[in-house]
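When the chains are written out, they are named A, B, C and D in that same order, and each has its own residue count from 1.
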Amino acid sequence: MTTPDISIKLAGIPMKNPVMVASGTFGYGPEYAPLVDLAKLGALVVKGISPEPWRGNPTPRTVEVASGLINAIGLQNPGAEGFLRDYLPFLRKFDVPVIVNIWGRTIEGYAAVAARLSQAEGIAALELNVSCPNIKEGSKSFGSNADMFKRVVAATRAVTKLPLIPKLAPDVFRIGEFARIAEAEGADALAITNSVPAMAIDIETRRPKLANVTGGLSGPAIRPIAVRLVWEAAKAVKIPIIGIGGIYSAADALEFFIAGASAVAVGTANFLEPTTALTVADGLRDYLARHKLGSIHELVGTLAC
Amino acid sequence: MTTPDISIKLAGIPMKNPVMVASGTFGYGPEYAPLVDLAKLGALVVKGISPEPWRGNPTPRTVEVASGLINAIGLQNPGAEGFLRDYLPFLRKFDVPVIVNIWGRTIEGYAAVAARLSQAEGIAALELNVSCPNIKEGSKSFGSNADMFKRVVAATRAVTKLPLIPKLAPDVFRIGEFARIAEAEGADALAITNSVPAMAIDIETRRPKLANVTGGLSGPAIRPIAVRLVWEAAKAVKIPIIGIGGIYSAADALEFFIAGASAVAVGTANFLEPTTALTVADGLRDYLARHKLGSIHELVGTLAC
Amino acid sequence: MQLETVSIIEHRDYGAGYRLLRLAAPQIAPQVRPGQFVHVRIPRLEASVLRRPFSVFKAENGELTLLYKSVGHGTSVLAVAAPGEIVSLIGPLGNGFPLDLPADRTPVLVAGGYGMAALYLLARRLPQKGVVFAGGRSTQDVLCVEDFEALGWKVHIATQDGSRGVRGLVTGPFDAWLAEHRTNLAPEFFACGPNAMLQEIGARAIAGGWRAWLSVDRHMGCGVGACLTCVVKLQDTDGTWFWARSCKEGPVFEARQIRWNGEDDEA
Amino acid sequence: MQLETVSIIEHRDYGAGYRLLRLAAPQIAPQVRPGQFVHVRIPRLEASVLRRPFSVFKAENGELTLLYKSVGHGTSVLAVAAPGEIVSLIGPLGNGFPLDLPADRTPVLVAGGYGMAALYLLARRLPQKGVVFAGGRSTQDVLCVEDFEALGWKVHIATQDGSRGVRGLVTGPFDAWLAEHRTNLAPEFFACGPNAMLQEIGARAIAGGWRAWLSVDRHMGCGVGACLTCVVKLQDTDGTWFWARSCKEGPVFEARQIRWNGEDDEA
């Protein structure tokens, strides 16, 4: 039997495999490059970029909890110009699709950063972060308010020809509604999901463990929630879905594919094992071979129920 | 120093301590009675009761995941008459407040079971389960649709003088909204939160691991989400809150009190250690003594941020 | 039923891929009846929220012995627990097998996998001697034959690859024995193993007019009847069905009680 | 920087509540510079999603030695790892201390807690000998004094309860020494320990016109600069500040760079 084909074309972007690394967990490329062959990633999604540089939240910014991490980095980033100047030239050297996660504090901010990045060479797609629970200046509501969400997708769609991938907030009861809005507004794919609003308290000091008080829960703890969201959204829309949440192994990733994801992204797992995305891709190949499936497409959305 | 006082009066119900056992995780009393002195519980919340007996979901009904459990029991119960006949007389023998978790498939169903139970002797309060993600016949939407939620709280409020405790669904972005609705409709307290919609897939058979496909995630995995929901809701309303989600130790419970809960309930932890509620209560006493606090009230909502 | 914190006395390989775990359990051990189980909190199983159920292999002198196979994460972590380590148990749980067998009955035990461990205590406690049928994929899957033989019981073995005993399913030698003895013996069946096997044995009991006590293996949550995870469909008198909790009303049911139903049966 | 799967050669108590962990790390060990650290994946730490950072105590002959204290869950689980067990490392990480010290400078090392381990490799690699100040709550908290003495370094000790050396904070003997030697010596400070101590040493360096290299201890996520967990406020040339990653641009910063700020500083 020939080796199964795990290459995909997602939102028009050819990828060697369907395993990407998730925004905010892999920096801008150079950080993990000494440990991971970037050209072997399905795609590299860089940390959220805003029109201007942004300092993010005070520290502490992350805290470990049972099978998870809560983060409130607060979207620290060098801004669009800083990214284009300091990181994109480095990334261009690798044969890997670069997806830029973007956000703004206003609708105009989203449009501005989308427009600016669309002029650059070497960006494969834009991922729209409307779901980060950390930023105080209003970005939060873009992801959990249907009307705001619709407007921000429309505004960025209007200014870019790049594939547009809204990343949905983990709204456990209304994910289908948001997925349909994104599809109707011309999104090319969806990323599901971001970290889940959460908090932890230091009981001795009676202070929050994060300077920002609340943050987003990621890691194995949220995987069953994320799989559920992908499954719901896949029933609601036809555009492809990138499944994200607590993926540490091929077995974890396979749950997402079977639930309806066309690709996955590895997030928090990178901190424990930087090569997780590569071992997941290898494991997918093995699984397909073992199950006599010729390609990953044959698996997507095959949940029997 | 005298022993700190951990007794409370919640929604008018005097409790020896603020640590209850959560609905669905402690049966109807007799199951754990050989292992746990029921009279030492703050309160015992029995598994959800509907107007008529209900068979619930096919099996498998639960599956273990990282730091959590997904359940889709489907609210199997003996119905109001069965409960009153087979269990309430047993429960009456113990000096412990019995809170009955109720649900219906329609608004009339909620009102019917509330009315029927209000005629019985020995029930301290009704907990309104509008949030169980398992039941297919419509109950699901009561907890995630603001209008339906309002109507079901109003309808039960109209037929009972018992303290009414709506149990909010873990709607991560709109918990404050639901809390305010409940308060406005005359709820005496809130229980926050129920299990979080989730699913797990058997990648070999490509079938869901639960017969019901989806279920509710509980256990340590959801604790940071639940603490966050309690904190949000406590800012929104004045009525007391029962914090629920992944409590395994006094330290876990303390996070909820500091976030704004006036009481807590232990759920999934009972399966691992049936005496968890008692050790949590002991641990609260120790903590108060160590921090020179005279009573648990002095701790509620004291998060410094 | 009790919560008991016990310590490991002995922990070693027992053949057929199983490990023997001997525990000092002075409170629970004397109460155990054959077919009952204990719910074990596996030490250092951090990310797991459930205990694991195991049948009791031996219960004597204040000690409990379990035989288990490492089949997943929990049992693999259990496998490295050392003598002296502390383990929390809830038990004894479940109804167990009936022991009040009429004197004229011949107990016929049928086991697959750990079923041999679960049935051994029954053989030991029954007043009369009987016969055991043990099935497995291969000789490595057939457990504690010598223990039964030491009690003076006759053991018939079937393996799917023919590496020990008769080739094929355990129902092969079982049916042959039945055909030979049905006129001179009054059998009563006791079985523990895969669902398919239990169903086969049950069907034969019903057809022959005998009783078959089947110990079903369902995933367990609480183990004490509170969570309704472990339910099994039983026949109701009016032709409908109802759920019974296998941790409480079971795990042993008489063949006529169970409503087998492909859809809902767990593996 | 590399990912290396290494095995435990030795693992034992080292006094002062610390344990010594010696690892065969032929790839990482030769690359390590003093003040750098490794990010350790602790085996069997199931419910944890992060590695744990540890300074390098010794790095020679393809071996890495760490000294660590069990302060929480991760280090407690690490404490029971046995020789032969496999551990995954990422390292060496961070910038480390500068070694290009002018020949006329006297290195003055100041340590609290595990800081002694982190500074030992510096003492070993520096061309010139110097002096070490070690602080702790009590004599049990003062680590590896003998190791420094074996290198021919003078060690001054302060304990808060006076059970060893001078009673009080380490700044006591440090200030006394400074007063005595500031005219005849050109000191350069290297410090690793609690923030309050780093701040004190930094303040003295700035006041005296010397340099102080401070190794800050921040909680780490990735350890490689990707997650922005470990950031520290640094002074910008224009009077404002910017974040530096202590895992990448640090953990060692010169005193003048750091903008201490009670609010944001982690313990």
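Rule of thumb we're sticking to: a residue touches a chain if its C-beta (ideal position, glycine included) is under 8 Å from a C-beta of that chain, and two chains touch if they have at least 3 such contacts.
Quick caveat, the model's predicted, so the values are computed rather than measured.
Following the contact convention of this document, A, C is the list of chains adjacent to both chain B and chain D. Relative to the C-alpha centre of chain A, the farthest chain centre belongs to C.
One simple way to say how far apart two chains are is to compare their mean CA positions; for chain B and chain C this gives 36 Å.
Separation between the centroids of chain C and chain D, computed from CA atoms only, is 57 Å. In this assembly, the C-alpha centroid of chain A lies 48 Å from the C-alpha centroid of chain C. If you average the CA atoms of chain A and of chain B, the two centres end up 34 Å from each other. Touching two or more other chains at once are residues 46-47 of chain D. In chain A, 66-68, 220 are the positions where the chain touches two or more neighbouring chains simultaneously.
Of all residues in chain B, those touching chain A in their complex are 65-68, 70, 143-144, 169-174, 196-201, 203, 205-208, 213-214, 217, 220-225, 227-228, 231, 246, 251, 254-255, 258-259, 287, 302-305.
Only residues 44-47 of chain D touch chain C when the two sit together in their complex. Interface residues of chain D facing chain A in the complex, by the touch rule stated above, are 1-3, 41, 46-51, 88, 90, 218-219, 221-229, 231, 242-243, 248, 263-266. Interface residues of chain A facing chain D in the complex, by the touch rule stated above, are 24-27, 30-32, 34-35, 47, 55-56, 58-64, 66-69, 71, 73, 76, 211, 219-220, 268-275.
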